[in-house]
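Which chain is which? They are A, B, C, D, E and F, in the order written, and residues in each are numbered from 1.
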């Protein structure tokens, strides 16, 4: 089964990152990864969670949601159901941990950055796109505070991005889309620095266990994909 | 106090309606009304609410949300708080009632259309933009079911749109934006047909009561604005 | 279709307002509007919502509920369901806005008045009866604080009441009851001052759109009804 | 410390039961016990809880609420808080169990009676007043179904009522009011038949343990009070 | 119908109390009452509920839960359902009131003890076992604070335990198990001091009313059972 | 910094698995991993989630909770807060996915196994202990249904267990406890078969990124630990 549009196993879908897609939030980026589209905004409040008060330390957190109309079968609105589902919780905890690893919290000052990742259209890989786009929105917001001298010094300690890798029909493939995900034996998500160092790895054998050798091969494929994504982030931030 | 960008009291902000902005939902429209941006999608399920089962009748409902990053001060995510606020409930009830008035529910068949209005950027008038854009998304969805012969006959009975009118500094103004709304004495929302007949009227004297004469004048201004908006809807649906 | 008990189109149902129906709340009024019966109580707390603290300004808010046994088919208890429905939220926001318009919040001092409107028996027009009766309960409470010199000066800036108007079988009728409401083409609610100035107007075309001329005629009918209701309020408050 | 208004230790407060206080619910009674006022309504649905379906058996359940304005310090509305408190749950379970004991569930047919007890004014003893008044509302509803031949045979197996007894300043007193309850060493509630047989007994030593002898004496006092209350119920039901 | 394992009507099931079953909580006891097994832990926080702040007074509260796997038919997890049921609320209020009666709150200092009673295995009498075991956990915790001189003086004013008594087949039986409870006419729970003075009494006639004479007999049986239980508590605390 | 009790980096804490610790649930196991103690029970219902009905397929799900008294600082009870936290959701999704991978769902018949993992005492590694112990409880339950011929054939397709690995002070360590976890640079959890094939891998760089080489080394250490754990499971199941 060849990939859609003749894509190679080690090839990302087309990725486009538009910084400043919306204007009200302090930082903003729209990331399009194939047909997956996520609007990431970063807002800043001059206070920190209770357990950090008075510790001269900032905080970064993430929230995630799929718009009801982002999927072919409508996804019920979590606000109407009265609670966020387990998948949402799991993803937004991942986003928050990943983004926090990219900054020196003490250099942020006593303020909280909330990075909201709202999926406008879903075609697989929404959590990875959220992290990759969310990093751009976060840095966009931090840069504005640096420009207005609210933040002095450099809070960013490493650049991060995320990508998925799957095993489909016994082949290892980069950046699987929704149709591939449906048939994947294994689905892994990697968050890495621009140098390929690992921040988060999450892998699930959906239909067939995998070996250490396969884990190594998947990690290498992810490293290559992450390098491309961090280049695109850099471009978006420099425009 | 002149209006921003030299706008006249009877002038709408620039309005742009993009049909098909996203692909997964059956119907979709992005409406930009000045800096207010709302993504409207229409999804369809082959079932109806409990009280309509077996009555050969369809249903149309609306849901509304502001993305947390749509406002300058971040709006807390209602799914995280565990419930929708009163303002959200009030607005989505208005959207649902308005859209239902535009169709013959029996001609829809036993199916439910849910029109989701998610505000990407808020600058006043989000409920009116949701109705105006939501109508396009709904008709876009209905047209697809007509094209595939799932719906025969014509369920649409009238074209509808919505606009706000305010009294600011004793002057009556069409389509007030967020900065004007902050100082408005009166804030009214009108939902009307393309012929200026009234479907919903909601007016609140924020700071100063108003007279019947003012109510008449505001209604006339709304009728003119609605006529422009229904023209733009027609263009978006014919492209 | 003649109205029940030979009522004319411009005639209110019999209205009775009993101030002081209960004793524990600071202010209290039972309003009977035909078979609609609402118990309104006004309580006062010596604090204000977070966003008003330290601003030398009071607050007035409203809450609304239908007792489960107030309707022929029992209405599920919202506390047992774990949340207030959209209709309840919409109505209590209307009550709160209306009552706030009647007072000078600064003259109240840093205290919050909560006006609870609990429907003991429902036969149409419960939100209007809540506002008309709620005003009496609120003033009853304010008068007690004035009598004990906790409030000096006069916080009341205008007298308000509310009434519904409907179009049934193409006829415009004042103060429609539940049986009429079931068949109404249009259902409007007006909140006005004793001089017929408008504070809130909410109208919905249930089955048939309406014209500006009809809007004008409905407003005039409401003005006449409001004048009668404010007289009855004055009597209840002077006893 | 003498009791208010010279009441003796074995004396009830004045009790008045008005059957048919409201008209929409199938059964209705307003009970006034001194300054405690509870509106009890009984509604009937032609279905039973899931676990009873198909068992030719009915159900009786109770719900309880204090209106926010029923107390001198306003009681927050449970529907607004999003859940019923522990005290409410405890009381409504007691009401339901007590009322179920008075009827033969099989003779009710496959229908559910819900007895709603809403406290309009609270001055101690609201749970007992709810049971005493709730019994009248329930029988009122059952009588209507008997009159319309929906229920044949006699579902009522015993008459029940409830009363509180307290130990205040080492004296045992019947039907304690709120001011006495504040100082009570022990607070007990009894639900009994008209013959003084016990259905429920709940006693709490608030400040000082009590002995078996005191338990016996309190029970006897309750038996006398219950006999008066069941007479009043009988009168209300025969009018 | 003889009791299981030849037990006499006035005989407790075998009871074993293991103090210190877990190590992280300040106080801990596992109580086995026949096949009923409850893990009781007591934790201490250096703060009190809002209404007690600054009053030089401590607080004791109880929480109760049945593990889903504690019953033959799995009990749904209340955290997953999003709320605690009425039975849970009723029981934990009873636990809290009972344990508070055993101590002088002022001698605790401004701290809150929370006694968690989690049922590992349920075979009837779980609320009584929770109180009997919870007392041991609470005293275990208090003793540790006394040993570290955080508490000086003696907060314990009386020893308490709880036991159930039932009427099954017209016979009065001590400490009924689940199989007996299913057929009980009456189910009573007593909380008493080591001297047989009453703290709480709760009795429900499940299938048949009971008399004052039966109430007296049940109370005497409970007094004998409580005396045995308080001996076992003393042993557990002295080891 | 040497490990507690002289433990080597590749050494598990003492592990003890007690099958049948409680009797009411169909399957049961208590797992003690050092001071971490988790009670795992497996219950079975003769029905499946909605989306599986009629598909001749069973289901396995997991639920997880920490008892409030399981930690030194009391963990608030999620049922009382009204919702499960993100960490709980994340863990129970992991437990469910892992256990499902060990069985052929079709061979279970149309029934749901719920494996409840309740942490009685927490000292790090509770999610891994839940999976390792939960597997024993699940197989215990399946074996009972096989013994009673409700399940024929063999649903178990592979044995699974879980273990954590951490990087602490730049050293890779197996089965880290709570005190080590506090200082870990990296915290990874592995779920594997008895042959060291990977089912789930989740790793987080808490304080310092890690390399592919470290990932490989951690995986190998986990494989050795898993082999020991699956031996202990086999012993517990054969007793």
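Worth pointing out:
Just so we're on the same page, contacts are C-beta pairs under 8 Å (C-beta built on N, C-alpha and C of every residue); 3 or more make two chains touch, one makes a residue touch a chain.
From a predicted model like this one, the values you see are computed outputs, not experimental measurements.
The minimum number of touch steps linking chain B to chain F comes to 2.
In summary, the pair chain C and chain D forms a contact in which both copies contribute largely the same residue numbers, shared numbers making up over half of all those used. Distance between chain centres (mean CA atoms), chain B to chain E: 58 Å.
Here the CA centre of chain A is 28 Å from the CA centre of chain F.
The distance from the centre of chain D to the centre of chain F, each centre being the mean of the chain's C-alpha atoms, comes to 50 Å. Across the assembly, chain A contributes 82-83 as residues in contact with two or more other chains. Under the stated contact rule, the graph of chain-to-chain touches is a ring, a single cycle where every chain has exactly two partners. Chain B meets chain A in the complex at residues 22-25, 28, 35, 37, 39, 41-43, 45, 63, 65, 67-74, 77-80, 82-84, 88, 114, 116, 118, 120-123.
Interface of chain D with chain E (complex): residues 83, 85-87, 89-90, 92-93, 97, 101, 158, 188, 192-193, 196-205, 209-212, 215-216, 219-220, 223.
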